[in-house]
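Below: the structure, in C-alpha cells.
As written, the chain order gives the labels A, B, C, D and E, with residue 1 at the start of each chain.
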Amino acid sequence: MTASGVVALGTGAAAVAAVCLMPLWASQGMIRDVVTLCCYIAVAQMWNLLAGFAGLVSVGQQAFVGVAAYAMFVLAQTFGVNPFVAAGMSVIVPIILAIPTYGLLHRLQGAYFAIGTWVVAEVMRLLATNLSFINGGAGMSLRVMTQYSADERAVGISILAALLLLTTVGGSYLLLRSRYGLALTAMRDNPVAAASQGVDVARLRFLVFVAAAAGSGLAGAVYFMAQLRITPPSAFDINWANLAIFIVMVGGIGSIEGVLIGSLIYFFADRWFGEYGSSYLIVLGLLTLCSALFFREGLWGLLRRAVDAPWFPTRRILVPKEGHRQ
Amino acid sequence: MLWLDGLVQGVLLGGLYAQYALGMALMFGVMKIINVTHGDLVILLALVGISLAGSFPLGPWGVLVLLVPIGAAVGWLLQRGVLNRVVGDDPLPSLIATFGLSVALQNAILEIWSADTRSLSGGGIEQASVALGPIFVGVLPLIVLACATLLTGGLDAMLRFTRFGRALRAASSDVEAAAMTGVNPKAVYAMATAIAVGILGFAATFQAMRATVAPADGPYQLIYAFEAVIIGGLGSIWGAFVGAMVLGVSQAIGFRISPGFGILAGHLVFLAVLAIRPNGIMGRAQ
Amino acid sequence: MTDMKPILTAQGLGKSFGAVRVLHDLEFSVRPGEVLGILGPNGAGKTTLFNLISGDIRDHHGELTFEGKPLTGPPNRRCKAGIGRTYQVPRPYSGMTTFENLVVAATFGSGRREVDCYESCSAILDECELMARANTMAGTLTLLDRKRLELARALAVGPRLLLLDEIAGGLTDDEGHALVELIRRIRSRGVTVVWIEHVLHALMAVADRLLVLNFGEKIAEGVPSEVIEDEEVQRVYMGVEA
Amino acid sequence: MSALLSTHGLVAGYGDMRALHGIDFEIAAGETVALIGANGAGKSTLLRSILGLLPVAKEMVRLDGTEVGGTPPHRMVRKGVAIVPEGRRLFSGMTVEENLRVAAENAAEPRGEGWSIRRVYDLFPILREKRAAFSEDLSGGQQQMVSIGRALLAQPRLLLCDEISLGLAPRVVREIYAALPEISRSGTAIVVVEQDVGLAQRASSRLYCLLEGRVTLEGRSAEVPREAISAAYFGAKNAVA
Amino acid sequence: APAVVRAQSAGTIKVGLITPKTGPLAPFGETDDFTLERVRERLGGRLETQAGVYDIEILMRDGQSDPNRSAEVAADLILNEEVHLLMPASTTDTINPAADQAELFGCPCVSTGAPWQATVFPRGGDGQPFNWTYHFFWGLDEALNTFVGLWEQLETNRKVGMLFPQNADGETWGNRNYGLPAPTKEAGFEINVPGFFQPRTNDFSAQISAFKQFDADIVGGITYVDDLTTFVNQSAQQGFHPKAITVAAALLFPSGIEALGKLGDGMSSEVWWTPAFPFKSSLTGEVSRDVADAWEAETGRQWTQPLGYSHAIWEVALDALKRSQDPLDRAANRDALKATDLSTLVGPVNFSSGPHPNVSTTPIFGGQWVKGEKWPFELKIVDNSVNPLFEPEQRLKPLTWPS
C-alpha cells in the first residue's frame, strides 16, 4: 500500500461513514446533493468498469438504471414494501435483464455492441411506455415517501447512498485489487494471451456486465427515490450514458480516481453553470470533444504525469528480497 | 389490403430512413467512424436551408441544390478538423468526440435559430399523391424513395467503380497499406465525409418538407440510421438501403398492429437480425 | 523412456483456413520430459499446430490427446490442465507491469491465491533475467525482454507441457547459451518442452528429437543430428539445392 | 556511382523504444541489395522509415540527393518508392484486380514502358485467372504475388521487398525471385529483405546485415563468406551453418 | 453621496423559477425568460408586502425539458437555496417532478402551463390533496368541452378520429374516463381511437387508414408539431380530408402553424390566452394587447400563448408574497397562496373555488388559426361555449384541402 493509498483509503472509509451518518451533520439539501453525486459516481464507475476495464462500450446503461428504478416504484408504491428495502431488492431486476441482454449482444464487437445496448434500452423504454401496470407513459409518483418523516427519510437514503458507494466504488476497488482485477486488465490488453494463461475471458466479461448492470440499477433505484417521480423517458434517459461518458472521459478512463474527479466536475459545473442554458452546454460538449482529441487519458492521466500518487493503488509492486507489497 | 398498404407505406418510409442511412453507411459502415452528430447535421442543414428559402426565392429544389454542396463543405471540415484525429479500430474516440460535438452543435443551433419548430414549404408537393387502386402513394415519399435508390446506386457504383471509391475502400481496409500504395488517406477520408454529409443535404431537405425540424431533433432519427446500416451489414451500401427498407416495413406493419408498437417492432426486428445474422443481411461472414 | 505413455499425441491432425490447407494428416507424439524441436519453412504450419494444441484455434480434423485424454475446451481450460505457451509475436499486457503480467498467469493458470504466487513469480523473473524490469510497464519493454516475458509468463502458469514459439530469435551468443541452460533446467524439473525455432544452433543444443514440417506435413522426425542431414530437410529448409 | 537512395545515421523506433541506431545505407539505380538479419533486427523498421511510415528527421533519408526523411508514404510512392510490405497487407473485401487498380491509379509517373496490370498478369499468370476473387480468398503465395504486383504498379524506381518469400512454397519463392531480374532490367533498384541468407545472397549484388538496429556487415554478396554472415547475423562465432 | 434613502429591508425573499430553457420544450420557456426580465425591472429588487419591505432575489433554473433535471434543480432551490416560493413555470415534465419535491420538502409551489388534471392525477393527488403545491390553469374537462363546442359549430357526420401520444399528456387527454373520449361521446359523437402513438412517429398511414375506414369528419386529440405536420401531410396524400382538425399542444405556437404551410389555415385548438383577452394585469395594469405588443417589439416575433401565463404566474406569486404574514416563512406563504383571490391577465385565480383543493381553473376558449395581416397566421377566438366571458371574434370555418 502506497502512502497516498493509505491516506486515500482512510479518506474513503471516512467518506463512506460520513455519507452514512449524514443525518447527524448535513442539511437536507446537502444530503440530497450528496445522494445525487453518489448516483453519478456509481453509474460512471460502472461504465468505467465496462469500457475502461472489460473493453465493453455501452450506451445503454439506462436500461438497467430504469428497470431497477421502476422495480423500486412498483414494490414500494404498488405493493407497499418499505421503499428503502425495495431499493435494495430492486437490484435483482437489472441482473435478470442483463443475462439475456448479454446473451444477445456478446458476439458483437465494439461499435456494434454499443448500438446494440442502446437499442435494448430503447426497447425497455417503449415497453415501459406500453405497460399500463406501471401507468404507461404517464409515469408514477412515489407518494409513499410522504409517510416517512424527514428524519426517517434522511436516515434511509443516507444509508442507501453509503451502500451504493461501498458496493460500486469499494466493490470495484476490491475487484481491481483482486486477481480478477489483473485479469480484467490483461483481458483488455490482450484477450488471446489472457485466455491462454487460464483467464476465462467469456465468463469474466459476462460477470462484469452483470455486475455493472446491478450497480447501475442500484444507483437508479436510489436516484429515483430522491426524484420521487418516474416516467419512461426519464428512467430510460440516454443522458445516463452521456453522463457516464462525460465523467469517465474527462476524468480519465480506466481509473477510479478519474471517475471521482469527473463526477465532481460534472456535478459542480452543472450546479454552478447550469443556469446559463445552452452556452454552458456548448462548453460542456466542446470539453468532451477536446478530451477525445487532446487528452484521452483524462484529467487524472494529466495529473498522474505530474505526480504519480494514486488514491486507489491497484498496482502490484515487487520489492525484491523484502517481500511483496500491494 | 391493410397489410399491402402497410407494405407500400413501409417501403416509402424505408426510403426516408435510407436517406439517413446512406451517409451513415459510408461513415460507419465503410470508414468505421461512429458519428453521433449525424442527426444534428441534418438539423443544421435543414435550418440553413429554411433560412435560405426565407431570404431568397429558391423553392425546395433550389434549397436542395444549395444544401448538398454546403453539406459537403461541412463534412470536409468535420473530417479535417476532428474526425481524422480519431479514426482507428477503437470505436471509443470517435464516439466520444462526436458525442461532445453533438451536444455543442445542438445548443449552438438553439442559440442561433431559437427553439421554434420549422419546416420547408414544398409548394404543395408534400401533400400530393397518386392513387394506385385503393392505395394512395404520396408523391413526396415517392421522390424520396427514388432519390434514395438513385443515391444508393450512385454511391455503390462510386465505391465500386471509381478511383476514389477504390481508394476509400482500400484506406478503410488498411490505412497504412493504402498509404503505401500511394493513397493519401486523410484526403480520401475528408472527401468521403464530404460526400456523406452532402447526402445529408438530401435528407435535410426532405425531412424539412415532409415534417418539421427543431434544434433538439437530431438524435431521434440517429438510432434508425445505425440500425439500418447494421441490419444491412457493415460496408454494404445496398445493405444499408435494404436495412432501411426492413426497418420501414417492420415499423409500418407494427403501426398497423398498434400505433404504439411500430417503433418497438422495428427495434425487435433489429435485435432479431443481430441474433440470427450478426454480420447483417448483406454483410460478408467473417 | 520409450515405453512411457506419451504426454501429447496427434493423430490425423489437419486444419484448413477456407481453401488453404495448413496442416494435413499429421501424426506425432511427445514423450514426457523430452524437448521436441520443431523446424520448418515459414508458413509450414508450426504456429498453427501450437494454436491447435493450446485451443486458440479449434475445429480441426483428427485427434489430439494430452496425458491420455482428448484435448478439448477453450484455451483457459487447457492452460489449467497444464499447457503453457508463448506467442511468436509477443503479446504482453502492455498496461501492466512485468511482475503483474506474471501474477495474472500464475494465479489464473494454476488457480492459486494471488499472494501465494508472488514467491514463484519473483523466482521466475530472476530466472528469466527480468528482475530489473519487474515494475516496468510491459508495453515499454524491448523486443528481447518481451520475448523473455513471454517465456516467463508461460512458466508462471506452472505447465507440464511448455510450447515455445521462436523465442531465441535475435539473441546474442551469451543470451542464447543462457536460454539453452534455462530450458535444460526447465526440462530437469520434469516439464516437457516443444520448441519451434529457426535459430538452429540453440535448438540443436537442447532438443532430444526434431520434427520437421513442410506444407503442413511431416517430412522428417528423429535424432537431431540425423534429421538435419536429411536430404529433403537440407533442400526444403536450409535452401540447399540437391 | 551516385546513390538513388541513401540513409544517414538513421534512427527510428516505436514510441519510447528505439529500434534503429544510426543506419547508413545506400542503393544505386538498377541495383539489387539484400538486407538480412535475425528476427527483430530492424529490417522492416528500416524499410518503413524510408517510406515515411515512421517519423524520422528530414536529413536522415535522401532520394536523388534531396532530403526526404519523414515525407508521408503516399508522397514517397509518387516519388517512385514502393514497398511490398511484411505480411502482404492486401485490401480485404476487394478483388485482385481492384487491389491492383488502387495502386495503378495512385502511382508515380511511369518511366519508359512502365508497369500495367496486363504486364503484372503476364508476370504472374495465375492472377489473371483469379482477377475477380476477393483477396482474402487467395492462397498465401497468390496473395504475395498481388502484393508484389501492387508495388510494381506504383511504377517504382526503388522497390522495397520485405520478406516476400515468407509463407511461400519454395517453388513460388523461386518463381518470384526469378522475376526480380526482369523487374530491375528497366532500371528499378530493389531492396530485398530475406531470412533465407542463401537466397538473399544469390539474388543481390550487395548485402547489408543488421543486428539489433545496427549494420554489422556490408559487402558484395558474392564475396562475403558464409561464416562472416553467420557471425554478423547472430552475433555469434559458432553458428551452425 | 446621492441622497437616496431606501427603506430598511426586512430581509431577502427568495423565489425560484424553473423553466425549460433548452431542449424540445424550449418554446414554452421563451416567454418565461422575457417576462422575468420585465418583472425584475419592475421590482428593482424590492417587494413591498403587508409585512414590510423586502429585498427579493429571483433564481432562474433551466429544467432542460428533462423531468430528472427539473426535480434536481427544484430540490436544489428548495433545500440549498432555501427559496420561499417555488415556481415551476410550464409543461407537465417540468411541473410534476418539481411539485413532488416541493410537496415532500414542504415548500409552497405555484405552477401553471399544463392542464390541471395532468399535474394532479399522475402525482396521485386524486383522493389525497396536496399540502404545498398549487396550480392554476384550465382543466381538461373544459378544454374537451371547448373541442366539442367547436365541432358542434360545423356540419359534420359527427365522427371523430382521435390521436394521442404515449406520454403523460397523451395518457391524460386520451383517458377513457376523464379524457377527450368521454365528453365527445356524451355529446353524441362517435369516436375512433386507433391506439396511442409514440411521439415522433414518422408514419401515420395506419391511423389515417383507420380514420378513413371509420369515415371520420373530425380529428381531435393532442399531438406535437412534428407529429401533426407528418400526420397532416400524409392525410392530404392519402386522400383523407377531415373538416376539422382540433388538437392541443401542436397548435400553440405560430411557428408550428407556419410549419404546416398552407394547411395551417383553419387548424383549430384550445386557446390559453390571446391579446384579445380583456383582463388587466394586477401587477402592471397592462391589458393583454399591451403585453403582446411589448413582446413583439422586444423580440420581433409573433406573440405566443404561454406569454399570458408567464405573466400571470408572477401576478399570483407576488400577490401571495405581498399578502403573506411573513414572506420569509414558507407556511405563511403557503397560506397566502392558498387564499389567493386575484384577477390576472388570464382571468381570475382563486384556489378556494377550484375543482380540486390545489387547483384554480382559468378560462379557456376555442380558437382557429387563420391567414393574418401582420403575421402569416393569427389565432382567432371562435368559441366561448365553456366560458362565456366575452364574445368570439369570428366563427369556425371548415378546413379546405387542396384537391
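Please note the rule applied: a residue touches a chain if its C-beta (ideal position, glycine included) is under 8 Å from a C-beta of that chain, and two chains touch if they have at least 3 such contacts.
Heads up on the chains, UniProt names are A, B = Branched-chain amino acid transport system permease protein; C, D = Branched-chain amino acid transport system ATP-binding protein.
If you're wondering where the values come from, they're calculated on a predicted model, not measured in any experiment.
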| item | value |
| --- | --- |
| Partner chains that chain A and chain B have in common | E |
| Those chains which touch chain C and also touch chain B | A, D |
| Farthest chain (mean CA position) relative to chain B | C |
| Pair sharing more residue contacts (C-beta pairs) when B-D is set against B-E | B-E |
| Centre-of-Cα separation between chain E and chain A, whole angstrom | 37 |
| Rounded Å distance, chain C centre to chain E centre (Cα mean) | 76 |
| Mean-CA-position distance for chain D and chain C (Å) | 31 |
| Centroid distance [mean C-alpha coordinates] between chain D and chain A, Å | 52 |
| Residue numbers of chain A (touch at least two other chains) | 126, 129-130, 277-278, 281 |
| For chain C, residues that touch 2 or more chains besides their own | none |
| Sites on chain B at which at least two other chains make contact | 107, 110, 260-261, 263 |
| Inter-chain touch pairs (all) | A-B, A-C, A-E, B-D, B-E, C-D |
| Chain B residues within the chain A interface of the complex | 28, 32, 34, 82, 85-86, 89-97, 99-108, 110-111, 219, 223, 226-227, 230, 260-261, 263-264, 267-268, 270-271, 274-275, 278 |
| Residue ranges of chain C touching chain A (in the complex, touch as defined) | 54-56, 74-76, 79-80, 84-85, 87, 91-97, 99-101, 103-105, 107-111, 113-115, 118, 121-122, 125, 131, 134-135, 153, 156-157 |
| For the chain B and chain E complex, residues of the former touching the latter | 2, 5-6, 9-10, 13, 16-17, 107, 110, 114-119, 121-122, 124, 126-129, 131, 136-141, 210-212, 214-217, 220-221, 248, 251-252, 255-256, 258-263 |
| Residues of chain D touching chain B in the complex | 51, 53, 72-75, 77-78, 82-83, 85, 89-94, 98-99, 101-103, 105-108, 150, 154 |
| List of chain A residues in touch with chain C within their complex | 178-179, 182-183, 185-186, 188-190, 192-202, 254, 315-318, 320, 323-324 |
